[in-house]
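All chains are identified by letter, namely A, B, C and D, in their written order; residue positions are counted from 1 within each chain.
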Amino acid sequence: MQSQVQDTPERRAFYEKIDKCNMTALWTVMSALITPEPKSGCVPFLWKFSEIREAMLEAGKLITAKEAERRVLILENPGLRGQSRVTTSLYAGVQLVIPGEVAPAHRHSQSALRFVMEGSGAYTAVNGEKTRMEVGDFVITPSQAWHDHGNMSDKPMFWLDGLDIPLVQFLDASFVEHLGQDEQPIARPEGDALARYGANMMPVGRARGGATSPIFNYPYSRSREALERMRLSGEWDPCHGLKMRYINPETGDHAMPTMGTFLQLLPKGFTSARYRSTDATVFSVVEGRGRSRIGDVSVEWGPKDIFVAPSWKPIVHVTTEDAVIFSYSDQPVQQKLGIWREDRGNA
Amino acid sequence: MQSQVQDTPERRAFYEKIDKCNMTALWTVMSALITPEPKSGCVPFLWKFSEIREAMLEAGKLITAKEAERRVLILENPGLRGQSRVTTSLYAGVQLVIPGEVAPAHRHSQSALRFVMEGSGAYTAVNGEKTRMEVGDFVITPSQAWHDHGNMSDKPMFWLDGLDIPLVQFLDASFVEHLGQDEQPIARPEGDALARYGANMMPVGRARGGATSPIFNYPYSRSREALERMRLSGEWDPCHGLKMRYINPETGDHAMPTMGTFLQLLPKGFTSARYRSTDATVFSVVEGRGRSRIGDVSVEWGPKDIFVAPSWKPIVHVTTEDAVIFSYSDQPVQQKLGIWREDRGNA
Amino acid sequence: MQSQVQDTPERRAFYEKIDKCNMTALWTVMSALITPEPKSGCVPFLWKFSEIREAMLEAGKLITAKEAERRVLILENPGLRGQSRVTTSLYAGVQLVIPGEVAPAHRHSQSALRFVMEGSGAYTAVNGEKTRMEVGDFVITPSQAWHDHGNMSDKPMFWLDGLDIPLVQFLDASFVEHLGQDEQPIARPEGDALARYGANMMPVGRARGGATSPIFNYPYSRSREALERMRLSGEWDPCHGLKMRYINPETGDHAMPTMGTFLQLLPKGFTSARYRSTDATVFSVVEGRGRSRIGDVSVEWGPKDIFVAPSWKPIVHVTTEDAVIFSYSDQPVQQKLGIWREDRGNA
Amino acid sequence: MQSQVQDTPERRAFYEKIDKCNMTALWTVMSALITPEPKSGCVPFLWKFSEIREAMLEAGKLITAKEAERRVLILENPGLRGQSRVTTSLYAGVQLVIPGEVAPAHRHSQSALRFVMEGSGAYTAVNGEKTRMEVGDFVITPSQAWHDHGNMSDKPMFWLDGLDIPLVQFLDASFVEHLGQDEQPIARPEGDALARYGANMMPVGRARGGATSPIFNYPYSRSREALERMRLSGEWDPCHGLKMRYINPETGDHAMPTMGTFLQLLPKGFTSARYRSTDATVFSVVEGRGRSRIGDVSVEWGPKDIFVAPSWKPIVHVTTEDAVIFSYSDQPVQQKLGIWREDRGNA
């Protein structure tokens, strides 16, 4: 380890002098910049859905989706308050759309994922196609794609919003445009994208697409069924149970370029092997109950609860029921940059 | 165009002399080697399924699947007889498995596709997993994967076999091994591969696979439904109707490295725009009736008929019913080598 | 654009309430998070080499390379003071190694580039091979590669250090190890990597490498000669003159996964077309003189000066001599994430 | 192994009957189609350059390059006579251009490589740029690129032509066009492509190219120097000595999509470990002397001799002098298709 550099009056005078030239001595800050292990303010935390829901319903009375543009409560990591971050690089919020409301069309550099927590029948429109959203559906609004939401059902609809807002901000590459209309024009029947790109086939002649999956709704019915089917093989990963990564079928890569998205099944009575990785992760429980130890913190979770695990903190999940958990992180970013690391303990 | 090189006695003497040294003058053969357009012996042809079926049932009485190893009748292109080729680079055959029979386990360098024409409930086993086969299913036995077939149903089962036998022969890279058992050991429940790799998700931690899709049965039920769903958008390709390419979801590439496989829907009363490409193609009709003009030849087709179109011959399809056609060609080979070409006429 | 959301006592009370639950209303911060255009504190600035040099020589008397681990003065963007950043995502410093000194061996997640400004004959050792450094050489110390520096010459050696320190910090993925020795063991003769990987050939049987180029010194002599040769074609890019991207020859991608590196030739009397892009860029002048207008700021530059242009600020270069400029930015990161954008004006 | 299927009168009658329907029983030909190991007519053979040269000079008197279009003697594998093939998939010829001659501009689907054997100063023009050719230079004329040759020197110029003619013929995808002029227009100075793409940099803004390297002359001076430099590390591959693969720097893949090209250095007194692979290979000696055992055949070679090794025949090289050998094969084709295999013996 780097030894502490000694402070002297001469050195202090030097530091002050170069400060005026917009220079700083590396040796005074190096151990803070290049740490032996990940070391951010990000802490483990769990938000109970009951609390989120109550606050959201109150928000529903205070502001319309239209006035708010998006009626969302940001889940701020307690260690990173005032920064609109759930981890160092990612954002999480919970969005509420009340029956009859629309969240008007805009588009931006930021990629967004939606993971449906409660309700049925609201829609997201992307690229001229609407998709109805059901609990457990994973919906993508890609970077620079026009998107709007509406709720034609008679119940409030809640979903988790995951965005790469801090990342785009950090890279200083944010653009946003507003369509000036509540809804974008609809050009294709519902389900077209899933049929066209999600059946393990691609249309002949289609030019290879962008960085984001052309599928924009991965229905829970299909994902859940796949997990149930795989369970028959009895091959459980000691750290993850059965954990699946959503893919872009045009490339096999993560479904989105900036956020990795996962769905995992942990059987009742499962205790996972200690696992850590450098991608801080947001977990959103769909089914089941259990508790997770994350570093020194324990969280108890049930359906719709959301919790976050920081980079490199060891995680152990213990289930008391069959559990299904959605999660997302910046894993694809770290993998593309060659710095992602995991530690599977002895598993 | 290259002018004809004149023949002289001196030149003839020279040709004879160098012939002894295993040399040949390029200018005497160049116009045959490097042609202005594709120019092989491959011709358009159609095999009626009724004829194939009759011959196959007779074969069923003459030889067992076990003695034959595979009870298959090769469809030989009339312009390439004696070479076991349906196009210059590919092979086609029709395989029959009678109730109670097995076609014993072997593996080889050659990749094979199966497209089910008639029957229900026979299986193909690949990599420790069995898959039941239904009409219209597209099944892959990858290069060097152990595979065997059996028919536990009470009806004969017919399917189209497409292989890259001539290609592997041409490259002089054939290997085959016999397991010495009729059936390979089964390690995974049926449907596991489709659940694991076919739901637009991939298992976490899976190392990127080989050149062939890890899905080995693309069920017709799902593929057909996708086409029907896409039809609602009303976006027909003038040349192809709705034509889908089966993909390897780990890469977005063709499902197999040596053969492109496609399923297309042509609506009733459709006349396709004139189309040609350099990948000679084998078509296998699933549903519907129509006729196709291929260069100067017309073929009339109905369910289960098989026809072949040579490289660069213009094709026009005319349907009298909604038609669904499976097809395969060496398109991925030509694309990887940078020599594939298509001509969409004025479409 | 989003209208300002009105503040009311009820809303204020609500904000305070949810604040206790680690939640924030998106609509109060949305316009700051998702901006219509890049909008960070990063500002244009130029450091004169004469000033850097003077400060560095003073540092040379105050601390040894060994005590400092690396004797580097960080160039801090005036708009981002106290954060050790030259742009929002990248770090720049100038390193001095005095004759006879060594900067001891360590390795870390952070990737580093060195661009030599003054001196001759110091070395960088990477992966068991030493490379001697000359002015204009671009040297890489890849993520997690052991590296150390030494100066066996009789003159002080100055180089620009570019690192992705802020990026790795942001992603919370920093690891560092110290070898406990000044110098790593040397296993290969000097120049081996350049011969092995830099001659447009690759050793047979070599497994595809990592994300970083296996070449770790791109000598100026070769790069400069290429530019001079290309100049004969007279094809100048209106925005960039002749601008080359250093590549990883195993992939054709940027030489490093997190930083794009470039060398460009602007002929005497050239005025570049207005250009902007979302990757804030650090420029290091090798030869020649000129000035650059960056947004509303003008900087005059000569050999060894370093200047920075923020994201999306229009840049115009005007040269009074033939000029050669090295530059680096986070372009590969933004491109991999699908958010990089450029605006070539009318060029 | 497959047992021989018994012949019976009934079966014979059946075979005749289905023959009329363009069908053949697989079981009668299967063992010839799917062989346990590669098994073609291709045999090992060596052409002495002295013999080639003599024949070529005689050809030089019998026909002009213009009348011949290309004055080339094809090296035909003795086991594949009359097919213009040196291996099952590739073509080899030796081309002579006499001082003052031109071989007129054409372009075709076939990719060609030139490897210079004797002479100095003839040129190949590709894509508007001329390159002067020296002994040992490896020159590419990519698929569909206009190319012409001329000899402005005062000595005859001999080079090896390697083409994928049999492959393109097999895939039935040949197109050729003649420019109608001896020489294509020259738009760029000599050396531009090598400077632009060969210095481990790429021009900014260049769209990713095609399947073939944008470098079209890999000068021997640079390749040879790299080998000599690598030799200092003393790391010899037991099978290959120091063997380098020419690459496309935009992708890291083989320089050409259909032919792998290699340059290897075997030191004096080296006996290589037994090696075999499925890509039959053409070797062209540049420097040195030795002998090679290929299967059951031994060949003695010296400078400019050309020899061929069939698929899967074990090769052992023994050198009596430092030797440098160029070689080419269809390795990239087999690798892309997932069927390439090698056997390094115990190395």
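Here, a residue touches a chain if its C-beta (ideal position, glycine included) is under 8 Å from a C-beta of that chain, and two chains touch if they have at least 3 such contacts.
For clarity, every value in this text was computed on a predicted model and none was experimentally measured.
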item: Shortest walk length in steps over touching chains, chain A through to chain D; value: 2
item: Partner chains that chain B and chain D have in common; value: none
item: Selected from C-D, A-B or A-C, interface repeating B-D by over half of its contact pairs; value: A-C
item: Euclidean distance of C-alpha centroids - chain A vs chain C, Å; value: 30
item: Separation of mean Cα positions, chain D and chain C [Å, integer]; value: 42
item: Whole-Å gap separating chain B and chain C, where each centre is the average of the chain's CA atoms; value: 51
item: Multi-chain contact residues (two or more partners), chain D; value: none
item: Listing of all chain pairs that touch each other, if any do; value: A-B, A-C, B-D, C-D
item: Touch list for chain A against partner chain B, complex; value: 188-189, 191-192, 194-196, 198-205, 208, 213, 215, 218, 222-223, 225-227, 229-230, 232-233, 237, 240, 242-252, 255, 262-264
item: Complex contacts: residues of chain C adjacent to chain A; value: 1-3, 5, 8, 10-11, 14, 17-18, 21-27, 29-30, 33-40, 42, 45, 47, 51-52, 55, 58-59, 62-63, 67-78, 81, 84, 87-89, 91, 93, 108-110, 143, 164-178, 210-212, 257-258, 278, 280, 310-312, 330, 333-334, 336-341
